[in-house]
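Alright, structures below, take your time with them.
Note that chain A is present in both complexes that follow, paired respectively with chain B and with chain C.
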Partner chain A sequence: MSPKHDRRDKIASRAVQIGFLFGVILLWYLGTAYWGISRILLPNPVNVWTELKDIIASGEFLPDLRVTLTELAVAFTISCTTGVSIGYLISRSQYLIKVFEPLIASLYSVPIILFLPLYVLFFGLGEGSKIAIGTSISFFPIVLNTIAGFGYVDKIFITAARSMGASDVQMFRYVLLPAAFPVILTGLRIGFTVALLSILGSETIASLEGLGHRIVHLAEAMETARMFAYISFVVVIAAFLNTAVSALERRAKRR
Partner chain B sequence: MSGAALKRTLLRHPGLARPAVVAGMFLAWEIAARWWIDPAFLSPPSKVVASLGELFATKGVPAALRITLWELGVAFAISVVIGLVVGLSVGLSRFANRTGMPIILLLYGIPQITILPLFILYFGIGPPSKIAFGVTHGMFPIIVTIVAGVQNIKPILMTAAHSMGASRWQIFRWVIFPHMIPSFFAGMRLGMTGVLLGVLLAELYVSTAGIGYYTQLFTQSFNPTMLLALVSVLAGMAIVLNEIVRRAEIHFGRWRS
Partner chain C sequence: MSADSTAIRVRDVSHQFGEPGDAQFVQALQNTSLDIVRGELMCLIGPSGCGKSTLLNMIGGLLTPTTGAVAVHDKPVRGPLPHDIAFVFQENALFPWCTIIENIKLGMVFQGVPKSEQEPRARKALEAVGLKGFMSHYPAQLSGGMRQRAALARALSLETGTLLMDEPFGALDEQTRMVLGEDLSVLLSRTEKTIVFVTHSLGEAVFLADRVAVFSARPGRIKEIIAIDEPHPRKPAFVTTEKFAKLRNSLYELLHEEIRKTVDQSAAMGAAP
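Right, the complex of A and B next:
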């Protein structure tokens, strides 16, 4: 295919994408403003925009955002430290890997969100149960990737370093860590994403505060326009956090 | 068997040590629940297992499990159909791929849990909202894996078939289709995980007859025995469903190696 043709193709597909976005918004606007779709089911996009501006200008979102981000930070910190250290300890022996890795992997295939009612029973409706669910869901990708990272370092590197007289610390610092680091980073990124999702999810299902709770609260009050505004706000926050984490991962891997 | 001999056997066979670890965890749970933790919050596994019969005898629970299983099945079937149609149409055409894929990835990137209240608003609190929410979780991984699978076909195979005069249908039947099978089943496995997550989330969020109603009931009446029994049954169901698609994936991916 010629480069010129290729460029025309690219422009055409961009045009279709932009057209699609505009089409959706236009249909949304026409449907609500002229075709009489109920305001409760689908609010007018103009109203949503006004509500969004109001939310951001009034700073009303701050307490909820703080709660959600605190839960995320605590949950991610706990799952990082436990996941990486347990993963490292297991990865030190092929025997332990053989015993524990299939166990952890099969536990991972159970939808852990099922335990949410249990966590609510143990830790209450507040932050405790959100932190617990975020921690237990993000623990698995982190520990599995840590085991994969440390456990499957090429034997040649280890033997070479040993025969050249590397100490344990040197071995860790210059052989194991550089080899395992990218794999662990991927695990951390996946862990971060699932922690965020599960915390938002558990706030939606049962909670007293937080962004997920706010959306449910507005849904129950039938304030759909404001709910749509909050949903877009949360989507933007989540997209921003995920992009930031992916960028950090790429940067750390390049070194 | 003496202690040392037992230790040696376990060391030689990690497969035997695994059940031992599981047994140890259950033992720790049993001890903790019996002597340390308030029975209003945690029950020992022995009591949970014993209460399984009572759980199935509870009025409404078998029906709720049936409803959930039905929701899972329908949501999975719809996800597979949508995933297959969209995945193939986006994967097989260069233009559709360039245009559609960014839109699909954009939609996939939205944290769907935030729009769960909308599903209840549109589809009501009955099974349709659970099915719809399950479908939105299940179809995207299927679409993405099918697109990746179709695109990973070596161009040389397509060119060879083409130059030997194969028709479009023949190319699809003999080149694309067999190469798509492994990624199709990989997608089904991911889709099943997604459907399980979506349906269970929606069930836990609001439910009048499904399992979400009973988890709430047992939580609010501080009945950890029944709650744990119900959660175990559901976890078992999830494991069986996951295992079925995983086996299918292994089975149908074999021809390549």
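Right, the complex of A and C next:
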């Protein structure tokens, strides 16, 4: 297919996607303005928009956003460093891969969010328990992808480099690392997404501050319009962060 | 044959995978000896699993023989000798994350070539294989034949005395193989390299080799060595001569029986519970 054709297809599907979103908002508006849906259950989108403008103009969101992003940054940094280094160490031996890969994979399927009450007990209601939950959930995809990346490098590349006299350091830098990099990067992207999800989620369950906390607080106060405004705000932030991470991943993988 | 004309000396090597009695035990090569003369192209041909690739890897120091010894230029081979031996593998062994020229330079980085020499040597090698216009492409952007040319360029740039080629054209279609074979013959007639070339193709063996070593079925030994007395570079027309046909036929006769044995062996293995 020609690139021109490709682009036209892409524009067409984008148009359908935008039209769909627009249709949902329109239904939402009609439902609240004319079809008598309770304003407490579902506020009018116009009200939500007004609240959203107020939230942004007043800068009221800043402390909560800072808390959530700090938790995310700390959790992601910890899970990256531990996940990549532990994954690398495991990948160095076929025996360790055989023992630990299935073990870690089965732990990954445990709903770790169930440990939140325990984490709250250990680390308190504040940032500590959120960092703990974000770290332990995002650790798994990162460590598993690191094992997969380093552990399953095509043998022919290693043999070829060895035949040309590559030292261990050269082998790591020029062969293992670039071969594993795209796979690890996918793990980092998944880890980032689940860290963000679990931190926001745990903030809505038990917390003192943060965006998730703010949303629950508004729900309990029956300020539905403002709550919806906060939800939209968080959705935009999350979409922005995920798009940024995916773009970084694509850029690093291109070639 | 005087002693110092021998480039590669293989003495009584055997190789087995696993221990006798194991289910996976394979005697790949048995008590094989072979002298390869400096500057000649020696083809190894034989049925699948006869150990010809195993022998190549032992010469290159990628495998250690279970018994026996290999020496290259009187140096005993105990591991890879990147300054003496370069490989061209059957599979695509170019690094997919590097461009063609980066691939070639990386080989020289591994071998320890000074940085200032890398660029001119890489360009020279690419020119020799006719890929000068593709040096900034990634391997995935090239055809299979071009990728093997690039792999050959990488091996040439290392400027080793010996080149080991493990079915380098094995994954290519017939026409591409023929063209690459012709080009290789021209290219190699200009160098003094000693080459060991593993192939499945009778025609390729006759067209390229100075001598062809025919292997027996597993456990592999060298059954016979046939000399191909025809100067390099060989013309494409060589393929249509009676001499070519005769040599090819005699190779076929030698091999046919061994291939039968191999097929019967694997049928017997398939029938076992």
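Rule of thumb we're sticking to: the second predicted complex is superposed on the first by the 230 of 255 C-alpha atoms of A that agree within 3 Å, B and C clash if a C-alpha of one lies under 4 Å from a C-alpha of the other, contacts with A are read in each partner's own complex, and residues count from 1 in each chain.
Everything below uses one rule, namely that a residue touches a chain if its C-beta (ideal position, glycine included) is under 8 Å from a C-beta of that chain, and two chains touch if they have at least 3 such contacts.
This structure is a prediction, so every number in the text was calculated from the model and none was measured.
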First (chain B), second (chain C), both or neither touched by A:Ile55: neither
First, second, both or neither for A:Ala166, with chain B first and chain C second: second
Contacts of A:Ser13 with chain B and chain C, given as first, second, both or neither: first
Partner contacting more residues of chain A (chain B vs chain C): B
First, second, both or neither for A:Ile215, with chain B first and chain C second: first
Partner chain(s) touched by A:Leu114 [first = chain B, second = chain C, both, neither]: first
Residue numbers on chain B that touch chain A, as the complex places them: 11, 14-15, 17-18, 21-22, 41-42, 94-95, 98-99, 102-103, 109-111, 113-118, 120-122, 193, 196-197, 200-201, 204-205, 215-216, 218-219, 222, 224, 227-228, 231, 234-235, 238-239, 242
Chain A residues within the chain B interface of the complex: 9-10, 12-13, 16-17, 20, 40-41, 95, 98-100, 102-103, 106, 109-111, 113-118, 120-122, 196-197, 200-201, 204-206, 211-212, 215-216, 219, 224, 227, 231, 234-235, 238-239, 242
Chain C residues within the chain A interface of the complex: 60-62, 80, 82-83, 85-87, 89, 91-93, 95, 97-98, 106-107, 109-112, 138, 158
Chain A - residues contacting chain C, complex: 156-157, 159-167, 170, 174-175, 178-179, 181, 255
